[in-house]
Amino acid sequence: MSEMLKVAVLGAKGRMGTAAVAAINAAQDMELVAALGRADSLDVLLERGAQVIVDLTVPDSTEANIHFAVEHGIHAVVGTTGWDAARLAALEALLAKHPETGVLIAPNFALGSVLATRFAAQAARYFDSVEIIELHHPRKVDAPSGTALRTAQLVAAARAAAGVPDAPDATETELDGARGASIDGIPVHSVRLAGLVAHQEVLLGSHGEALTIRHDSFNHESFMPGVLLGVRTVGSRPGLTVGLDGYMDLDG
Amino acid sequence: MSEMLKVAVLGAKGRMGTAAVAAINAAQDMELVAALGRADSLDVLLERGAQVIVDLTVPDSTEANIHFAVEHGIHAVVGTTGWDAARLAALEALLAKHPETGVLIAPNFALGSVLATRFAAQAARYFDSVEIIELHHPRKVDAPSGTALRTAQLVAAARAAAGVPDAPDATETELDGARGASIDGIPVHSVRLAGLVAHQEVLLGSHGEALTIRHDSFNHESFMPGVLLGVRTVGSRPGLTVGLDGYMDLDG
Amino acid sequence: MSEMLKVAVLGAKGRMGTAAVAAINAAQDMELVAALGRADSLDVLLERGAQVIVDLTVPDSTEANIHFAVEHGIHAVVGTTGWDAARLAALEALLAKHPETGVLIAPNFALGSVLATRFAAQAARYFDSVEIIELHHPRKVDAPSGTALRTAQLVAAARAAAGVPDAPDATETELDGARGASIDGIPVHSVRLAGLVAHQEVLLGSHGEALTIRHDSFNHESFMPGVLLGVRTVGSRPGLTVGLDGYMDLDG
Amino acid sequence: MSEMLKVAVLGAKGRMGTAAVAAINAAQDMELVAALGRADSLDVLLERGAQVIVDLTVPDSTEANIHFAVEHGIHAVVGTTGWDAARLAALEALLAKHPETGVLIAPNFALGSVLATRFAAQAARYFDSVEIIELHHPRKVDAPSGTALRTAQLVAAARAAAGVPDAPDATETELDGARGASIDGIPVHSVRLAGLVAHQEVLLGSHGEALTIRHDSFNHESFMPGVLLGVRTVGSRPGLTVGLDGYMDLDG
């Protein structure tokens, strides 16, 4: 029988952390060796022999956590935000000195959402028009969503790289806001509706056809298969990987 | 065997008129007795014994056409726009003197669209949130579409009449336009996408559920069943009816 | 200030009952006077002065519960299944002797689902084709769902009553099952997909257009607004009402 | 200025051929040098100096056409069906003797459909459940559609290769046909609805999330961008390529 992978969760008391603890406990091939909160010492990771950490803490503490892990040869899967260019550069410099250690920084762990964004970016150059509709519960404070912003930027960049002209649009009279927000030229529409959770549609259209890529997130469990995929894979991918799709086999 | 209904089309050379002529010719229970263009005299209607006219002309001529018909006891089905409150009042006064003649003025003949608007207005008071997404080909010059505007107004009026509070919306930071245009408080989002024709979704949401009413118009034939329903019914509905749903049996 | 409505829940320990207790406790205009389980005596209803009961028990006990309530002038909102024609007839006979008491028997309390079914039945006669797709979590044991069956039956009955011919279908070669189950001639397709909850689409199509009525139930809270609407209304509707849409204002 | 590409269409009188002739005439970088029907001699291709042929004929004649082209160093884009394993092997043997000539055999030229199938196959291994719904006009004689069959086979093969277990399904009582046709274990549901054209949805679900990939084909123009992409690319891709996605840049 193969050895169990020793995993620790940092930020284990938060909503995401609680779900990660449950998912790791339920995984047949993993052993949860530590579930650390804000006040706990990272030395516990060494005492318990953690091989992989899952960091779901806060922007203020994630960098120190990851540097500690890398310096001790512990692989890291990071869901915390706040990794700007300077932090990424410092981390890459550190990883260069620990060439067998892997770090995954993933802005999104929902496999369906990661795939939806990737497919949208790949398809974008082959259509005349692209627009994005994101739909969320009405407690959300920002519009558009971060995922929609990122998708629009990737779509726009792919179209620019392929030399695709602007989408046709004959609008002459518009009520303010009807055509959505423009993100690098891609219209993004934000719906806020009681009952919904988190949903996104990318609509691509051309000459008599349309392709729609829709992702529905019904609850926070949806992130856990992606976290487990990260934990299982990070040990075999030394260096820094940004984005969970870097661990997915999408050549077929 | 029952007598054929004698029908004339005014504005028979336009896109809608051409389709109406074809639909009436194909109908087993109708006889097309005249297909008039801009220059033709209305006296032809009398010579040919028209019982019902279908007016698909232009705002400038529709009022004179309909008055002529009513004065001669010919029923009228009107798809032309431009019937403001003053024109409607004058028409009702005229109809009062011709109590056996019927006129239908319909802003939309697509049965599915008429039903979608009606259902949205009926359901609106039972949900916390309502938003509208309309999607059209990119040659359309106005945003939102006229149908979306009218739907939003009816939805807003139904909610106001029932005392429904504003939909919840915690948005604090918004990129300009992301939350759509506000029509009487109902957000309306306009997508313009190559490949599409004319589509509308009304999304209603509340406590763990959503109801979506979507209408797709794939081509202009979609208007013809509604025109034929109007032609068949107008003779038995004296006076003025506005909106094709007035002729539909929706109590069941 | 208006008096609070005194409400009792029967079957208060079940999943639906637990949610109903919470919803009534949260309602400003209601007082929960009893939450009864299987072993509790119905006499508690009289001691506490219950004005309305919500019955969410089991088919074996619901008839006795409702007869007890009606005999004591307590109005009843019933979500329990098992009310066949014989039971309904017996209840109507009993209500005839208690002409001021009201009973609502509702197979479904989700307002959106009730509206979706009603709208589908109303629209069915105006389209050439109707098909139903229902989508549920993969733990569901029956296919199609009860709601889809009932919707198909109502749609088929409405089309038969209006003399609508069978939907066109040129299928010559079919892999077994591809065209779905036929319920009174209406094709019904059942999807079972991990991640989903409970969803239904009725697709209606004709001459270049389609109307789609979709209901999404994301969680069991979706039933509670319908239960509260029933509790608030039942006292003013003596006699038997079957179906929550009987309490909704849908003439507008 | 760059030279125009000299293109000939075979099967130019058919519905697809007519559209291809129009598309090539409209393309700025192509010159239509021949539009051949059933009775025309292939020698015209040589007389007019055709560099690329587009074969939209019938299964009986496509093989001879393509061999003729390859033997004369003319590249070929093939939309005709009927290329079984034996024909493909013979063509590859012939191409081995003409190493600078390219042939594209594409079962589908709609870019959106090609992408939808590819994305579905790539994503299939990352979800617990996959089902396919295809929706077409009611004049279609086969169910499921050929595209749905092919998509299901690719999805099933991808899941088998990755060792994904069967999708969960607790169905115990099923009305015959409700759960669709099973293609290599993937349920496929076929809707036939007046008004529709050609549409397909692949639904993928897992742990609280769903990914839906939908393609809508609104008219036959949708095939033309794919045909033009094939014509422009085939000259730079010697040997045999099966599937238009082989010419698309999808690594990004």
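Per-chain residue numbering starts at 1, and chain names A, B, C and D are given in the order in which the chains are listed.
Keep in mind that, in the parts below, a contact is a pair of C-beta atoms (placed from the backbone, for glycine too) under 8 Å apart; a residue touches a chain by one contact, two chains touch by 3 or more.
Please read these numbers as outputs of a predicted model, since none were measured by experiment.
Asker: On the document's contact criterion, could you list the chains that touch chain A and likewise touch chain C?
Answerer: Output, common partners of chain A and chain C: B, D.
Asker: Is the number of contacting C-beta pairs greater for C-D or for B-C?
Answerer: Result: the pair with more contacts is C-D.
Asker: Starting from the Cα centroid of chain A, hunt down the chain whose centroid lies farthest away.
Answerer: The most distant chain relative to chain A turns out to be B.
Asker: What is the distance, in whole Å, between the centres of chain C and chain D, each centre taken as the mean of its C-alpha atoms?
Answerer: So the centre of chain C lies 46 Å away from the centre of chain D.
Asker: Which integer distance in Å separates the CA centroid of chain B from that of chain C?
Answerer: 33
Asker: Can you list every residue of chain B that touches 2 or more other chains, as numbers and ranges?
Answerer: 127, 195-196, 204, 206-210, 216, 218, 222
Asker: Tell me, which parts of chain B touch chain D in their complex?
Answerer: Its residues touching chain D are 195-197, 216, 218, 222.
Asker: Give every residue of chain D touching chain A within the complex, in rising order.
Answerer: 110-113, 115-116, 119, 121-123, 125-127, 158, 161-162, 204, 206-222, 224-225, 248-250, 252
Asker: Quick one: which bits of chain A touch chain B in the complex? Just the residue numbers, please.
Answerer: 127-129, 131, 133, 135, 138-144, 167-183, 187-196, 203-210
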